[in-house]
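Take a look at the structure set out below.
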Amino acid sequence: MTSVSLKDVAKSYGRVEVLRNIDLDVEQGELVVFVGPSGCGKSTLLRMIAGLETITGGELRIDGELMNNVPPAQRGIAMVFQTYALYPHMTVRDNMAFGMKIAKKSKAEITAAVDKAAKILQLEPYLDRLPKALSGGQRQRVAIGRAIVRNPKVFLFDEPLSNLDAALRVATRIEIAQLKDSMPDSTMIYVTHDQVEAMTLASRIVVLSGGNIEQVGPPLELYENPRNVFVAQFIGSPAMNMLDCKVLACGAQTRVSREDGGDIVVPIASQAADEGKPVKLGVRPEDLTITDSDDYLLELNVDMVEALGETTVLYFDTALDDPGFIAKLPGIHAIRKGTCLRLATPPEKLHLFGTDGISFRHR
Amino acid sequence: MDGIAGRKPALIWAVHLSVALLVILWTLPTFGLLVSSFRDKDQLSVSGWWTSLTSTERNVMVRVPAPNDDGAQVLEGSVYVIAGNVFDEGGAGDISAFGISSREPGAYEAGEVVTTKDGERISVQESGDYRIESDVEMTGKRGQRLFFTVLEPPLFTLDNYRTVLWSEGIGKSFLNTMTVTIPATVIPILIAAFAGYALAWMRFPGRTFLVAMVVGLIVVPLQMSLIPLLRLYTDIGIGKSYIGIWLAHTGFGLPLAIYLLRNYIKSLPKEIIESAKVDGASDFEIFVKIVLPLSFPALASFAIFQFLWTWNDLLVATVFLGNNEEQLVMTGRLRELLGSRGGNWEILTASAFVSIAVPLGVFFALQRYLVRGLLAGSVK
Amino acid sequence: MEQLLLAFGSMALGVGACVLYFWGSNRLLDLALPPRSRNAADNIRRANMIRPWLFLGPAVIILSAYLVYPVFNSIYLSFHGRSGDVYVGLDNYRWLFADAGFRESIFNNLLWLVVVPSASTFFGLIAAALTDRISWGNIAKSLIFMPMAISFVGASVIWKFIYDVRAADVEQIGLLNAIVVFFGGEPQAWIALPFWNNFFLMIILIWIQTGFAMVILSAALRGIPEETVEAAVLDGANPFQIFMKIKVPQIWGTIAVVWTTITILVLKVFDIVLAMTNGQWGTQVLANFMFDWMFRGLDFGRSATIALVIMALVVPIMIWNIREAQKDG
Amino acid sequence: ELLFKPGEDPRFNWASYEELQKTDLSGKSVTLFGPWLGPDKDLVENTLAYFEEATGIDVKYSGSDSFEQQIVIDTQAGSAPNVAVFPQPGLARDLAAKGFLSPLGEETAAWVKDNYAAGQSWVDLGTFAGKDGKGELYGFFYKADVKSLVWFVPDTFEDAGYEVPETMEELKALTEQIVADGGTPWCIGLGSGGATGWPGTDWVEDMMLRTQTPEDYDAWVSNELKFNDPKVVEAIEEFGWFANNPDFVDTPNAIAATDFRDSPKGLFASPPACYMHRQASFIPSFFPEGTEMGVDADFFYFPAYEGKDLGQPVLGAGTVFAITNDSPEARALIDFLKTPIAHEVWMAQSGFLTPHKGVNTDAYADDTLKGLGEILLSATTFRFDGSDLMPGAIGAGAFWTGMVDYVGGKPAEEVGNDIQTAWDAIK
Amino acid sequence: MTSVSLKDVAKSYGRVEVLRNIDLDVEQGELVVFVGPSGCGKSTLLRMIAGLETITGGELRIDGELMNNVPPAQRGIAMVFQTYALYPHMTVRDNMAFGMKIAKKSKAEITAAVDKAAKILQLEPYLDRLPKALSGGQRQRVAIGRAIVRNPKVFLFDEPLSNLDAALRVATRIEIAQLKDSMPDSTMIYVTHDQVEAMTLASRIVVLSGGNIEQVGPPLELYENPRNVFVAQFIGSPAMNMLDCKVLACGAQTRVSREDGGDIVVPIASQAADEGKPVKLGVRPEDLTITDSDDYLLELNVDMVEALGETTVLYFDTALDDPGFIAKLPGIHAIRKGTCLRLATPPEKLHLFGTDGISFRHR
């Protein structure tokens, strides 16, 4: 059953169009993550669903009902804000109970709901504290608890973890995943610009950029089969390396040239019209391996080595403002700066993008 | 910051000294007033307050009983004598010199015997005992004046405060003032807070214009409003009443209140308000349950200013409340103690202090909010 | 006892009525357009269009009655004669600009506008900066703030004991003259010294307003990121350089706000001048000049004209403020 | 609660009190608004108590320090009290011209003329042009002050061997004598906060009366005689003879800055800071505590020039009762003021002088008051304080400023010109 | 040559001891990174070196000179703050020039130095902007530029990247590494609580905890051979898994029991005294592999799977507030929640820690 449905939704502030032609259906029980660079309109879209921004075009339906003009409280949604937005002068319990009190629920009902949420989130010991007496992670849990108590049709999260430090972020991310698991029927929409969060939490990811949806799909699909250069580079860290090439031969497989003269066969179909056109050859840093054989993709000098123990990241052709070409190898490698290395990759891991940025696989 | 290495202690001392200097400069005038308020009325206008802190030599005049008074003059043998002690009417000290004319108040040493041109022999002892002898019966309805110099220890009195604090009707005036100031502080804050919230967080046409208007109105001199307003009051039948003065203080304090409170309320995190909206709270509920508690620092700091202003106000109170016994406020009552020509500095000093007491109390009670509240209101 | 009841009764009545209005009107609105009914969405939307005006209602009405109307009334009066019933055109303005008293007031007012806000802000800044560095800073602050709590009547008594003058051969009871005499000078009638007496009056207002400036600036100084100061320490700046080149520029906005507030106050203040000199010895200022014409001259046309001049002087500040207000929408 | 029990003290005219009892106003009330505060307020209330007791009326008196502002606001706004007590007639005249006062009627005018010493002049002083321009009696004078007084300490005079001067020539000679003896003759202070300068106007007015004819004085007050007229300038300079000679005054550089309330204290200093102080009859309340009038301090009439033949002019002042909100009770209050008892009760307290010829002068509380009262009753020329009669902008404005400027060193002609210019500007 | 030397340095605030017995020598040209959990005293130590905090005990020498009481500006150091601490009212140029202006350097000299630094950091286009008109990364570069201009003996960085978002953080980290490379003689001390930063930048890492130095050494040494449980868990992400075991047999190799009954031989020497004692067996998530053989370390049910594309993270035995046991596998794995997996690890990758938390390898 469709839970949230956006049809041709648009948003402009005065003459500035921030979002256009957003079409999206979120099924009940899904956890959909909006990702995209800063300023692409993620929060705006979420806030439109919440009713905190007016919708300037298109239709928003929740559970089939048109919601464009319904005030936030009547939409059956709950929202968790980046800044937690806890009421600083109320205890944790009151924070969670506020919505129900406003709705004039009975005392018993409120207590039951709050206690249940507190139990789920292990907040019981803190119920009588004020938010300022809580750690960041606990505050975030209270914010989530406040959402749970409302028992909404749709949960909305706007970068709920971005104010936490790295360790806490990981821990809370896991908590959210578990929470979702424990409420399989609840629909969640989650905004982040951290793609690790997106990858780990989402049942589907919506990649937004410049007010448009670039691609929608399950995380791994986006990782393995990005629709365009933008998605390819946005998903995965470090970003996918892009090499400028020319198409030499087309067909079920495509032969492309590297600018340095070599050429390579990519097992991706191409059309005759592509021949001679410039293309981008995409390869993920983590798909690269070091090889001695002649069947290599590139030969480059190492500019910098980052040994993380678990992985070793090699930088080639680096310049300020441009990380250049990157390879990420698992484990520890004793590679020194300046070494010349041959890098290879399994051909099936390569990506090809046309001049319009669209992946050949998606045509 | 405190821990920076290699700081010169001299600098710290310089800071301490400068602050001490500033504090002295700023408190000295008030301190002078404080000392003066404990001084005797007559001394107040002849010597500086700082002299009252140390023993001072002072020229004093006493008038001995007039010869014509009954029993003032005794016949001792053949001489008529008027005797007594100069300190009979209070005071004490050692007399070093005395005089019988104001032109030379210290002409003679204690114990010396002076013969006047009328032939009277006058002497004043160190202890203050005086003796006037005359061979003939003395006459006159004015007693002889004796001048002497005496070293007076610091002399303070609570009389001024007694006059002020125990004056008739002061309790009532205090209540009147409270009746004026408390609603006149609370009402504008309430109205301004609602308006501030509306101007900060609600969307409606004309909002910018209203904000602009409020800023513009901060500067209207209130004297311009007195007559039209009182006329309005008379016309609609409010007349001179508490309601009238509350509304007047509200009106005059409102622009600044709205300006400050709007800025503060605007600075509250947007998400909190949105969160409450999502929770289903109406604007009224958001205001009462979220914004009001969170704006406490700003409310408190504005309260201080509005309170100081209404407390110290006399003009608005007398115009809109009147100065009947029934309606007189503290400032009016204290002013009344001064009399029609206002020359009683001693009362003025004491009453100035009495009238500072409450605002200072309020200030100290609320000052910790002052810093936070005002800043958020005025500065981004 | 009865009096107490009456007092509390009225207080409760006043505050209560106000609370009741806000609560009641909202309740009525909720009853008229119930937010939890079938067409809740529409109701809430409609209610949201009305509600701002419920919130703003009292403020708008009171502001209009107490301030807007008088302004228009003054404009009307400024074109009318003494009693406000004879139309005289621009006569009042013509008179005003020819009047020596007005010229004196304007000159003095400009002097006040230059000196008082800057001096108050300056001393407030110094006080704020210094008191923040010491353990007893809070006590010092309270003491410097104290004059704010003193009424103008009280202040004028206080300063009488500073400026008082006595004959050269008698003991001075004014502190300033006592000091002058102590150092062998001639006692001066400070408030009668032409031109300089203006400054002696200004000192009183500066004395009062420094506390205000200090409180606000001290909050602003605390808002300065400590790191920028530390960075300057590392850069080798001495405390004075840090203050002048790092701190002051960062709180410039606050300084401007303080400055403006005091400037507005200066334009409105007449109590000090009235109580100390009533404009004698060339100390007239606009507000007192207006007061004079209103209550001594009984000329409402002229006093309204002067009031409008005062308001005109504030216009630049007003525009600046409105622009600031618009910036944050 | 009545201060003097009705019927007991023979000094009082109890018949008038009994007469009053015939009027029954119980349950009615009247509001009265005036400048008296503090002790003065007690005095007036003590007096009004007889009116209340006799008629059953409730008189609500309130006093204000800012009477002038408030009566203006109240009358303009229509919330005026029934009766207002104006400290000077100038303001009452302004309000009468705006139609805010009610005429007292022919009968009252006739009463004043008949019963007050120099009755016609009191009538004239209380007669203003109303809104319609018609001159009618609006102001009823009750409680007068005598201004032409010099205060001194008898002992000091005695010690120095000075005699009380009888003429202006003698006064000037005495002044010079004191200087020659190494003393300072005068204490002069014009300071009065917001009203600084007014004591100077009294000096000038007294001098006007002593150098010019009463007619010139009247012309001057109505500005028919210009302020910069040589006659006026001469009077100002007469004042200057005393005030602007640094040897003659105790605070030569600070006359205007010395508060008039502090100024007389110099008389009582030892050694005396000065020997004489010219001030109105109210000044003893600012003498040091315990000063016994007639013993520790005394006054003499500020004498006239023997050579000028202008008689013994007396400068005075008085408070004016006017009806600002007409009602029968307000009229009854004015009528009460006509009864001898209304005067005598206050006379027996303090600080009250009356030109009422029908009262028993024995009722004065002390000899000093009685003496002052006699000056008032026996004046050959009585003139009212001119500055109080001038328009507010002059009498309580330019004239004050002029005096401050004059003692500050401005030549008398310039001062006269300045004031005249100001006067021209309000015509 | 020793550049910065700390001898028995201590710091207390009133009665609270924040740092004690800190001994550390930093050689010229090193980049030493202080890491440790929040509140462990990293910043305090750095600020003591800078002179922004007084030293309450011990000796600080820079280039051999005792610096305890030398004012900050005379120590020949430059510091980059977490919040950049740019002077908001000065242009980029003025920000960088401020120190030299204070020192009354000539105009020409100042311009030269600023231009040089701006060039290195590619800040030339922004020299006349105010900080508020710069992006986070650019601001951080200005802060670094300000340090470079001073030409200090020692650079101090206090969490310079923590205010940047993930992508910028990576980019700026690389820039700092390159900067260090271009100034091989400069000594740098760098504070962070992000261990990726520590690993990639440091020539040596100093791990601080609770006011003490836990371990000092090159990054990979800390990763491969942590001295104690704290360091083991602090370095590496996700943290090293710890299993509670008992020593069954000692010698050049140690046999330990798992609580679930199995046992395993670890190629780490132990002493006879250890026998029967409880120990912690440490294994890094990234060292685990899935196996079918019987030679496995553990058999567990998968609680949660995070598929990041590049890697797949498996969580076992998870509870709120406790991530449980974690395995990190490279690449994409189609593992579902609830699957029972056998995990193995090469024995040489195992760690053993005694009850005192010290690694057996470090005894």
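The first chain written gets the first letter, and so on, giving A, B, C, D and E; residue counts start at 1 in each chain.
The rule is short, and it goes like this: a residue touches a chain if its C-beta (ideal position, glycine included) is under 8 Å from a C-beta of that chain, and two chains touch if they have at least 3 such contacts.
According to UniProt, the chain labels map to these proteins: A, E = Sn-glycerol-3-phosphate ABC transporter ATP-binding protein UgpC; B = Carbohydrate ABC transporter permease; C = Sugar ABC transporter permease.
This is a predicted model, so every value here is computed, not measured.
Enquirer: Expressed in steps between touching chains, what is the minimal separation of subunit D and subunit E?
Expert: 2
Enquirer: What are the chains that subunit B and subunit C both touch?
Expert: Common contact partners of subunit B and subunit C, which must touch each of the two, are A, D, E.
Enquirer: Per the definition at the top, count C-beta pairs in contact and tell me whether A-C or C-D has more.
Expert: Looking at A-C and C-D side by side, C-D shows more C-beta contacts.
Enquirer: Quick one: which chain's Cα centre is the longest way from subunit E's?
Expert: With centres defined by C-alpha atoms, farthest from subunit E sits D.
Enquirer: Can you figure out the chain closest to the middle, judged by Cα centres?
Expert: Central by C-alpha mean position: chain C.
Enquirer: Which chain is most remote from subunit B in terms of Cα centres?
Expert: A
Enquirer: For subunit C versus subunit E, what separation do you get between their C-alpha means, in angstrom?
Expert: Once rounded, the distance between the two centres reads 55 Å.
Enquirer: Could you grab the centroid distance between subunit B and subunit D? Build each centroid from C-alpha atoms only and quote it in angstrom.
Expert: So the centroids are 31 Å from each other.
Enquirer: Using CA atom averages as chain centres, what separation in Å is found between subunit A and subunit D?
Expert: Their C-alpha centroids are separated by 92 Å.
Enquirer: How many angstrom lie between the CA centroids of subunit B and subunit E, rounded to a whole number?
Expert: 63
Enquirer: Could you list which residues of subunit B touch at least two other chains?
Expert: Residue numbers touching two or more other chains: 1, 4, 45-46, 227, 229, 314, 335.
Enquirer: Could you list the positions in subunit E whose residues touch two or more of the other chains?
Expert: 51-52, 71-72, 74
Enquirer: Give the residues of subunit D that touch two or more other chains, as numbers and ranges in rising order.
Expert: If we look for residues of subunit D contacting two or more partner chains, we find 69, 193, 259, 269.
Enquirer: Between which chains is there touch?
Expert: By the stated definition, chains touch in these pairs: A-B, A-C, A-E, B-C, B-D, B-E, C-D, C-E.
Enquirer: What part of subunit D is in contact with subunit C in the complex they form?
Expert: My answer: residues 68-69, 72, 91, 94-95, 98, 184, 193-197, 250-254, 256-259, 266, 269, 273, 391-393, 396-397, 400-401, 404, 408, 421-422, 425-426.
Enquirer: List the residues on subunit E that touch subunit A in their complex, please.
Expert: 38, 121-122, 165-167, 170-171, 174-175, 177-178, 181, 193-194, 196, 199-200, 219-220, 223-224, 235-238, 284, 286, 304, 306-311, 313, 315, 318, 320-321, 323, 328, 330-332, 337
Enquirer: Can you list the residues on subunit C that touch subunit D in the complex?
Expert: 83, 95, 99-101, 156, 160, 163, 165-167, 170, 186-192, 194, 274-281, 292-299
Enquirer: In the complex formed with subunit E, which residues of subunit C make contact?
Expert: 225, 227-228, 230-237, 241, 245-246, 249-250, 252
Enquirer: Help me check something: in the complex, which residues belonging to subunit D touch subunit B?
Expert: Touch list, subunit D to subunit B: 35-41, 60, 62-66, 69-70, 73-74, 76-79, 153-156, 159-160, 183, 193, 259, 261-262, 265, 268-272, 282, 285-286, 288-289, 295-296.
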